[in-house]
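Below are two complexes that have chain A in common, paired first with chain B and then with chain C.
What follows is the complex of A and B.
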């Protein structure tokens, strides 16, 4: 067996085991709530993966999570716990919409590219603020990134109810529409917008960056031991800023996609908690961009199944939140299992 | 290494078997895109918040529960559906996986772009949206909207509040300075001032539809200013009502009946009566009648009502409130009759001019009436 596969086996089995334990616990919870757990799982499967429609339902929910998960996952390589994805989404979406509105006569392709760039730069700068505060002023990045979310949301509400408000949007303050011609279309033959493709590409590219480049190697060293990295002469500050920027850019892109593919305007729906759901995805995927993809699909599937659970079993929406919570906790506990199974440890050489 | 190789193969087999079993599980129970096989009217309701929020969503859920009792109606619902692409998927899922014939996406933000995107793809399904946004010629034919003039009920509640207040100072916890909310604030104040001309309403905007902590802070700060009756326009009035009760002042409710939360101080409240709307729709659909694209109404049409008065409300105040209600019922009440000044002293409606309830001019309200302390800019 190739070495890389052998190395991947331990986390894979631990995660599969954790998910199985979660399913048993959630099954017990559902039974306590008066529903048959086997029927509930059957319904969930049908709603999330049972038909072509279900798959599209799941994937469309997974798409933004892949991008927002990167907001937490990438800084994780440097040992930072960032929860600022929500702010990056909001700022990215807001500025992308504003950018589109400043160029009413440009061809759609130019508008979309500009929107994407502006959204990514805006989201990137937003997360970089937290990274810079961490590195230069030793401000806790978890707190600062959380607070930056609130600032982003306040800024969004301020601008869409004031300066950039479309006067026609009476009871739902929004910016002007970016124009139907400028909207991002669907992937041919499906009901999915291009966000899914962007999410997959972003995950693969960042995985390559973090695992197969000198830059990624340096980041992992800095994440493992900052002092050692500094003694080795690594530019820790620059690494932090660049990684935070790339992470925020992913979030900003998610915001731009919300505007360009779905709403056509920036308004308070940008603040749809994709950023916070992304934190969960990143934790479960243990910050690995490749693992983010299946985890986002799993979480998308859980979210997609909520509807049918409510309709068929009359369970409240909170049921799927309980499931997410159980998975999250069990995965966190499972962290303690790494290195405990001698089968997976290197034998002979230490 | 040999040991681990063997293990992998076995696990691979087990995994494949498990995946296959799971796959069959799904296929066995597959439900097609068929309509409800029976002659039942199948209705799907979509709520943006929890069903039991003591507010906007509960009002709709109560309406849904009433219509679900009819044995020829099959009704189901989903709560906490965000105003993103998720609501599009929820609508499609209700149509494709549960055979819904008519959908009631009840949140304002579901309309544009979500309903407008899904409706043309399902011309046989009715999309009835709560919010009154339908425009003939512009929107798909299988789309409709319904909304109630709940500001009429706020006017009556304002009379009760103004009549019962000891200080003459009322409070209003509002989400956003948008026309619908401003209209409620203005009606509440005009109602109060119709029985107590020097009455004032302090308004605090929290900034969003559901911010419980800020709503509690706003309520407390109003109480600290000597205000003794408070109402609100947020998604869930629960926090405002319980805070008022705990602080020992009175309140009037919004969306649905919150008397249970504040048995001592809950004077009355402005309520929706969605059960009436949903029953009417169900009846029309059952009989195969054409469903009107726009349904609007207030007291007279039975779309809004006020909660039963608290026993502490005096006879004199009840009479004044009932008299106003009777005028709404007969259709002779005009709230926006000049001269009316806004709270900066500008005359917004000249003497002799009047704007009846259905006047489109009222839909773009951006001012606060004289007697309101606060600003739409806050």
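What follows is the complex of A and C.
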């Protein structure tokens, strides 16, 4: 067996094993709640991956998860645990919408490019605040990014109920609509908007950046041992700032896509927990951008199946939350199994 | 006008107690957990689980106090599970915390669906404002017994950590797991117990939400109080009595927006919501430094490394 394939076998088997264990646990849970677990799984499969329509439903949900997972995964290379994806999405979407509203006469293409750039810069800066505080003031990045999420949401609520409020949005305060002409269209022949393409491209590009460039190599060294990296003369601070900026830009882009492809305005639907779900995608994918894509699709599928589960089995919509919780707990727990199977170790060394 | 401004001050005081009580319980729980060197980001799930359990048991048994107790027990189970998972090598406690948050809220919403409509018996309140003729002051001093219990727990926790053998063990485990092992202390068991006790307190905090204020059970009940526990404990410098002051400060700051609204100042309502978070961030920026660790921090804690 080639060496690289063999190295990939351990994580692959452990993750497949964890997924099987969590399916058994979740099956027991729904059985205890009075549903037939086999039928539940069948329904979930049908709702998530059974038809072309359900695939589209799944992929629409997977797209923002790919981008928000990058918010946690990329700083993870530097040893940072950032949970600020939610804030990056909110700020990116908000500022992208405001940018579109300031240029009512520009051609749609220009508007969309501007929105994407503004959203990415805004999200990038938002996440970089946490990285900078960590590097220069030793403020824990997990806590600061969490606080920044709430500050971003307060800012969003302040602006959409005040300065930028569309007076017609009565019981759901929103900004004005960016205009139908400026909306991001669908991929021809599908019901999917372009967000999925952005998500896939972002994952592949960042994977290339982190695994096949000097920059990525330096980041991994700094993540492994800061002291060693500093002694080797690596600009650790700059690496942290740039990686956080790129990660936040992905989140900001997710927010911009929510506005430009789905809602047409910025409002509190931006704060739909894509950021928090993205954290889990990143953890399960062990921060690898390539692994993020299938994990995001899996999670998107689980989320897409919520409606049908409710209708067919009369299970509450929180059922999918329980399932996500179980899967993630088991997968995080499986982290302890790495290196315990001598089979992989011996052959890996030789 | 002058009465109006006094009204704001009174409303902030009342809000400090009313909104601050759940913060007090979750932060005390997190404080004890962190003293043992473990961090529990999953208290949000514990809080929601406690709120649901408390409400359901109160409804079925007719006794809100039985609801509070079972909310605590549910929280203890979640805390023990969290700590047991984290006691294995290479299992990241921050990641598990986020997954526990998802799991706890998921389970609570799953079983809580039937309890959204019916109305459970409420926790009684104690009237401390009877001496005053001002109705606003009377309303502000309508205090729930859980708040008073929270004060007692804060003082007792401080005493326990400082003066008892158990408290010393918790602190040793939190300062250095190696030293604790050398002393023959069962590190994992002490951490599991501390986290379970922390979960118990957080569960009680949740039952306060559903059984006293805002007094209902819905899926939007908690607004991140559990997540904030971690920040509050840093703010309080890992001091139980500090948790009391910080929780009151947070409650008061959260009440500022609505209080100002009541005297006609509506501008920036949502910006006022951000004040507690900005405050915490500012305190962290001021007190942290790359050259030294925080005063009072348990050295085993992953967030400070």
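A few comments on the model shown:
Quick note on the criterion: the second predicted complex is superposed on the first by the 344 of 350 C-alpha atoms of A that agree within 3 Å, B and C clash if a C-alpha of one lies under 4 Å from a C-alpha of the other, contacts with A are read in each partner's own complex, and residues count from 1 in each chain.
Simple rule for what comes next: a contact is a pair of C-beta atoms (placed from the backbone, for glycine too) under 8 Å apart; a residue touches a chain by one contact, two chains touch by 3 or more.
Values in this document were obtained by computation on a predicted structure and should not be read as measured data.
Because the two structures share chain A, they can be overlaid on it, and in that overlay chain B clashes with chain C. In the superposition on chain A, A:42 makes contact with chain B only, not with chain C. Looking at the shared chain after the overlay, A:170 reaches chain B, while chain C stays out of its contact range.
In the superposed pair of complexes, A:113 makes contact with neither chain B nor chain C.
Look at A:316: by the touch rule set out above, it reaches both chain B and chain C. By the touch criterion stated above, A:161 is placed in contact with chain B and with chain C alike. Judged by the touch definition given at the top, the superposed model places A:31 against neither chain B nor chain C. Look at A:57: by the touch rule set out above, it reaches chain B but stays clear of chain C.
Within the superposed three-chain model, A:303 lies in touch with chain B and out of touch with chain C [touch as defined at top].
With chain A as the common frame, the single stretch of chain B that clashes into chain C is 223-231; none of the other options in 61-69, 133-141, 187-195 or 223-231 do.
On chain A, the surface patch touched by chain B in one complex and by chain C in the other comprises residues 154, 157, 161, 316-317.
Those residues of chain B lying in contact with chain A across their complex are 1, 3-5, 7-8, 11, 22, 25-27, 29-31, 44, 50-51, 76-86, 89-90, 92-94, 96-98, 108-109, 112-113, 131, 176-180, 207-208, 363-364. Within the complex, the chain C residues that touch chain A are 41, 85, 88-92, 94-96, 98-100, 102-110, 112-113, 219, 224, 227, 230-231, 234, 267-271, 273-274, 277-278, 280-281, 284-285, 288-290, 303-304. Interface residues of chain A, counted against chain B in their complex, comprise 1, 6, 9, 13, 42, 45-47, 49-51, 53, 57, 60-61, 154, 157, 161, 170-173, 193, 258, 262-264, 267-269, 272-273, 303-304, 306-308, 310-311, 316-317, 343. Contact residues of chain A toward chain C in the complex are 33, 81, 83, 133, 135-140, 142-144, 146-148, 150-151, 154-155, 157-158, 161-162, 276, 279-280, 283, 315-326, 328-329, 332-333, 335-336, 338.
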